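Note that subunit A is present in both complexes that follow, paired respectively with subunit B and with subunit C.
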Partner chain A sequence: MHRRFVISALCVCLTLSAAARTRPHYGGTLRVETAGDPWQMPDGIARRLVLDTLTTASDTGGAQPALAVRWESQNAGHRWEFWIRPGVHFQDGEALTSDTVAAALTDVCSRQTGVGAGAGAASGACPWRTVRGVGASVVFISDSPVPDLPELLAQTEFAVARQDASGAVIGTGPFRVTGFANGALTLVANDDCWSGRPFADAVELRTRRAVRDQWLDLSVGKADIVEVPPELLRQAEQQHMNVLVSRPVDLLALTIAPEGWFASREMRQAAALAVDRTALYNVIFQKQGEVTASLLPESLSGYAFLFASDRDLDRARALRGGATTAAMMLGVDDNSSTMQLAAERLALNLHEAGFSVQVLAAGSRQTSALALRRVHLEAAGAQAALDEMLSRFGQNGAGSMTGTGTDAAALWQQERGVLENETIVPLLWLPRAWAVGERVRDPRLLSDGAPDLSDASLEGAK
Partner chain B sequence: MTSARYNPPQRMMDKMRWAVVVAVLVGLLPAAHAANWEQPAGDLAKQIAALTGPGPARLTIRDESSLPAGEMPVIRRLLERDLRGFGVVTGASDSATLSGTLIRVTLSENLQGGLWVAEVVEGTETRVTMLPVALGAVVAVSSGSALTLRRTLMITESEPVLDAQLFSVGTLQRLVVLEPDRIVTYIRSAAVLGSGMASGSWVVDQRFAISAGRPLPRDVRGELVAAQDHLFDAYLPGVMCSGTNTGAQVGVACADSDDPWPLTAPVAGAIGQRAFYNALRDFFTGVLAPGFGMELPPFYGASGIPRPTGTGLLLNMVDGRVMLIENNVLKPVAGANDWGSDFAVIRSECGTGVQVLVSGSGSAASGDSLRAYELVGREAIAVSASLPVEGAVVAIHAGQDGRGATVVVRRDAPLRYEVWDASALCN
Partner chain C sequence: MTLRQKMLLMLALTVMGVVAAVGWTGSVRVRHVFEDIDRQQTEMLVGQFQREFNQRGADTAEAVHRMADSDVLKRIAFDLNNGGDSAPYLTVALPLAQEYRLEYLELVAHDGSIISSLQWTARFGYKEPAIGATGKPAFLKQEDLPDGTSEIGVFATRTVTGSDPALYVVGGRQLDAGFLQDFPVPAGTQVLIYRNVSGPFDTHNFAASADALSAAAHYQALVDDARANGQNAEGVVYVTGRREDSMSVTAIPLKAADGNVLAVLVVANSRRNMVEVQRHFRDIAYGIAGLGIIFAVLASLWIAARISRPIEELARAAGQVAAGDWETRVDIRSLDEVGALARSFNNMTRQLSEQRDRLVQTERVAAWRELARRLAHELKNPLTPLQITVENMVRAKKLPKKQFDEVFKESAATLTEEIENLKTIVGRFSDFSKLPKPQVVEMDAREAVRRVVKLYGPALEEKHIELGTSISAEPLMILGDSELLHRALSNLVLNAMDAMPEGGVLTVSAVRAKEVARISVSDTGAGLTPEECERLFTPYYTTKQHGTGLGLAIVQSVVADHNGTIAVESVEGGGARFVIGLPLVGNAHA
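Up next, the complex of A and B:
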């Protein structure tokens, strides 16, 4: 029943984006406000507008051509060759070549900060050993097979960027940065963009803006697109805001470091059985998203229900035994009050099972055995999504495809192998949502819940 | 003047014929459902039997998918029958209840389609097997006051479709599909063995790449037009392709071009109207050739329409107005506030014989629509009910014979483009 509701809600959201329409108009300035960094995930709106990736994710999760027009796996998935789209230019007029692509991707790998730094951080090491330009193609070599490399390269962290003479970041995308003033980043349309000129002439992006201020700006017509955190979706609906809701794209999960008290699997399992997902869902997140014990949302895998998500306090207590544990710390990977509340709720759950847990104050740098994380999922295909989640949780290459029969069954076995360690306890899958002003025509969300500004147009523009 | 005929066909006869057709279709419905699930039920039963081995078992089925409620009993019946074929006896018998083997089937789905999951529980052990299942579809009909709109799905593509038209090469009929970067031709299959494809489905025959000299606009549009001395011309922003038939095969040649796109067919030796397209945007510039001696603002589309005084030109302007050029005078059309940006003029046996098939205007709360209008004087009068369309209509082009139209619909989740053949039936 619950699943049907989720599917219905998703359909309503997608139908909204596919509503009847006239053709999009050209011109005007889109005004967007966010609380996050314009260059960092999960939104990274400026990054998405300025830069392109070799591939993009289709709605069904497959890779489709972007800066690469085709690709081929060789040597049993150890070598991949991607052919670069001809005639593409950076926003300063310099031609895109296989060498510039290889250099940009090498730079991405060298800048990656490793795992555990939060949802915005780049994931673990790049899945390839070397990347180089060979004629019109880019060749990736890896030590182990990477069957879903085309899907992985669709992630925005692998976008192709360059610095121009002034040191500014430039790309091949539909917009280019022209300035930053009074807290607003201004981007203008790239007329020669290989994927077509965007409809809006410009995007004005106000960043690091509190949600309350964003909503105020939308209500007085000073903003066109603003954020709606999932826990405020009901409030937004009550205020009759026009809201676009994505499918579930953010995983709320408890991670347990297998050390100290939690070195034993039984203790980790006890902690996992003690958490009350339903309370988090009902109270903290106002019944948005879906309760889960899976690393993939139900809509992506179709099998998430196979992972039991019910609380079993008696079994948790039995597994913990009579041992008296020292106070353990629970860290939170973002400073929002909602995440702090969720962490407090988890600490209470664990206390009921006999664990002594203290929540670290927001912004604390103290290390902790337990961490509440909100992890963004960008991939739209099941296998690439599982790989992405494992990478974000620092479990690259974890599990193995031992299943037989269908892909879904093999994927389930791989995921089950990872979750059996009880070091990752998935709790909730949450959607992303945006409120849209009346001026915006054809508002749509990308598969990972970010607003699609390249294809948005404005009412009254010509 | 109508001529008297001996024993002319009566309307009642027509109605009876329709009643028979409907009765036959209704009678076929359960069989069609069964046929839909026959294969997956058999496959899943085989997979389950491989886990359980022969013997009694308890079977539960729950539906977590978007299947209509009426499908569940059909699937259960098929599954029970097929399991029995493998020696697995299910039901409420004592042996089944006491066997200790529980088969828990969940009809689920993911982005790729249906996913049927079977859990075989024996004691504390649970084994799982899964089966991806294709979900099927559809012919849509909308009944209206004067006529009924009917649309039939021709093909579904993952790539954007700009236009699709049927062309005959000798006795062979080809469906030519125009996409932003290629032209694909289809022929009807004569049952492709082993593919699971029904006889008569369209299968890809040939593909031709289109290379444009400069990037295409984001809201890319295109049109296929029958040519007089070769098979067809394809118009895209800044590019034109010519399709020829050499024997049974089609050949395509493309080149950069700013040539105007045809709007109306030549009539009685007179040159048809053509319009220049803005290759950087999604509309025509307003410049016509040979034109009407007047300056026009930009417009999204235009089509010739028979009028009492000759052929008029119906235009859908960028500012949302619908205009008619008749006797070299530009006049606004009333009653077209609900029109979207796409329309096609079609001919039928109903009403005045000429209808305008129009997409919705964006006022609908969800989904798009198709509706037929007739132009009476300078007023657009709806002559059919609104035919709901799941998704957004992104293009409508009149068919080569003028009796129907190609309607391209963009659907989300997963993203796909459906090509429908739309026509009008008299009520």
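Up next, the complex of A and C:
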């Protein structure tokens, strides 16, 4: 009897503790550190926490309701209508209306066509011609059909934002900005958020912090979530860090401007064939991600392997011929040492093919015909992803779509049509990774590799 | 140029020549000495550089050796040789280089492919040929860098201890200005290293102190020469236009094991000291030359006083003697050759004077004798018939009165004629003795000639003598006495007529010859011998049977009174020509 009692008590205790373990708690301050700008892509952590988009990307590639509850395409994709979720308010209490949404999106488009577009933002204009509020809905009119507008509107750059009297950014997201001090941006939970109050009371966001310092802070418990560049993933794993790795979401690509020595397609093709992707993948990025010659990762398109990615130095030399080229500059849009190293490696590859290439110093404002870029992909659907990538590379409207948005063959043809021009040379698809501290419960990443902080909770929070 | 000036010039040239020779020799010698010093200094610096280089090479090799023997590399080698991935070691060169204080470091796999490179991280996978120097002493190597430049360094290669297959370590230290900073360089000497020799000359490729770099551009020619030929190049480089800023430069190529020139060591020695010594030397030479010239002037003045003045005095006295002043004496009392010359000169002039006096005396006596002889001769001629006539008259006294009257009448006529003859002779003598002083007025000499021609024209015709005249168209104004000139010219014409008894040609001319009116009378008679020409103007000398011999003497006296000259030109059988020169107005003496 006594024995039976003890065993039962033990079972109850275990059950209780297990139940306590699985339930998230409210409270606590989540400490996040990044090397970049919290308002700029690719991460844009602050942007994601403070602002909302009309839709969000699902893991399967489609669009899910967010500030818009439903939508409808008309006139073969030339007209879209999105119905705004009712009862949503900005963090200052002002109600969200279709006019507000239209104004915010119009502002986004005007910034994109002018100066001020942040890193990773679309380099081209918005896909619609006009956007306006009509009652409870927002109507988009475009000259060309935009079949994947819902997926596009899930991108963080199309987040709905306002500025208050002081110029501070106001959104409808789960957190709002309260201040910036000592290099840390402080966000507190929005209790009245339409999507529900987040578990954490606050988020402390330390920005522009070197990766080594982030790791040190993580190791001593001063940070909860820190960045792990793909080339350091192996090292992080060797150090037994709790690492979350996304699917490939960053495309490393070489862009070649069709001017000067590269005005002819043969020259661009020679440069493309001279590139050694394997060395970049194996050594510089420590076998993280995937070698590619496609604008979409294999996991998204399924046809990336159809684009040849092998190096052919002999053919590159043959295409270049005996022309003696002047020294060309290779720019890098990222000041990180890894990108500089990758650029230097590309310069060596091109030198072997007979091109004289010099890598611009980090921070140089000089323009160059060659550029090594790192482009972030947000969209989860193939067509939307392709459109997004084309937009990022300034190829809006390039290629032609002969089939439906989900037609892989049509997508492949469209992509092939773009890549045949040899102005974009995809090199690697890289994942994004974050190291998470012990305090964070159930950490997960969004489909584009950013940490999902809105649903993050902390162990031991009260 | 006077003797004094010649002596001054000779002395000055001698002094300057000697000083210039000494100065030039000294300057050349100074230059050679300094060049020797430069050479020794350069050799010393090169030797020192070699030692420093070897020391740095040894240090580098030691560091590489220690690294190759370190546990870290042994673990890496073990990992790689057991199938480990080399990718994680991409950046391992950086901390290793920092630990062992190397500026260049590469880890190279057994196949020569780079695993990790400090200086060019992106070169992983590329071949590193330096592994061929494994185990050898430190060597010079040119290292290409990502920015397109090249640097020169001292390298050593070792294999990681126990690695099989081998893992190589290629480490090095840069040969730059820092290497030179520890170089003990004497004052006035610059040491530079020119790197990155593959491209065109660029002063940015020099490694040196800031002071040395300021003149680096001037070394281009020597550096290029050393690069091209692989041999030392020497020369003088002028940093500015001033000699004292010039440098004696030696460019020494630094070669890799395969003989390629990787760098050039430039040793530049300032020539300021040498130039200053040479300048000092030159200044002294100029000073001595200046003093020498002053000395030469003083010496020449002293020598002039001792030598040239007596000679000048002698020359002046000789000139006076030549002008006719035979009483000239020189007052030189020295006992040397010049004094002897002066005494001889004085002796000569004294004897000349005495001889002239004796000659004058003799000529005077001779002239008196001649005069007496001529007078006796002239007087004797008429006296003899006088005597005979008187004797006839005495003898005729004995004759009858009628015969006596005839004899008396003839004798009286004869006496009268001879007495007239005597009177004429005496009258001529009297005329000659008291030739009047000329009453000079400005007159045209042509008129005197025309007057004579007109007077004797008919007489010439009678004697079948052709007359030729050549009278200047321009006036020949002289200061003269027309009567005396007429008399003189008449004598010459009469003489010419007497010289052509059988006829001939008489030519009279009056022309301008520079500043003189030249009047000539020439005949085509028998001519005169040289002895006759000499004595022609002597009073009472004549070649004629008759005449007093005073005609030409009178002509000479008249011409002399007019400050003119008279000369005779004649050859025996070729006629004679008398030429009178009278100064034209403006050149005539009062």
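What to note about this one:
One rule holds for everything that comes next: the second predicted complex is superposed on the first by the 425 of 462 C-alpha atoms of A that agree within 3 Å, B and C clash if a C-alpha of one lies under 4 Å from a C-alpha of the other, contacts with A are read in each partner's own complex, and residues count from 1 in each chain.
Note that in this section contacts are C-beta pairs under 8 Å (C-beta built on N, C-alpha and C of every residue); 3 or more make two chains touch, one makes a residue touch a chain.
Please read these numbers as outputs of a predicted model, since none were measured by experiment.
Of the two partner chains placed by superposition, A:109 touches none, neither subunit B nor subunit C.
Residue contacts after overlaying the shared chain place A:216 against neither subunit B nor subunit C. Touch criterion not met for A:202: it reaches neither subunit B nor subunit C.
Between subunit B and subunit C, it is B that contacts the larger number of residues in subunit A.
When the shared chain is aligned, subunit C comes close enough to touch A:283, but subunit B does not.
Within the superposed three-chain model, A:344 lies in touch with subunit C and out of touch with subunit B [touch as defined at top]. Residues common to the contacts of subunit A with subunit B and with subunit C across the two structures: none.
For subunit A in complex with subunit C, the residues that touch the partner chain are 234-235, 279, 282-284, 286-287, 327, 341-342, 344-345, 347-348, 358-359. By the touch rule above, subunit A contacts subunit B in their complex via residues 3-4, 7, 10-12, 14-26, 58-61, 191-199, 298-303, 305-306, 380-382, 405-409, 412, 441, 454-455, 462. The touching residues of subunit B, when paired with subunit A in their complex, are 47, 64, 66, 106, 108-112, 115, 117, 119, 128-132, 158, 214-220, 280-283, 300, 318, 320, 340-342, 359-369, 389-393, 410-415.
In the complex of the two chains, the subunit C residues touching subunit A come out as 85-88, 90, 120-126, 146-148.
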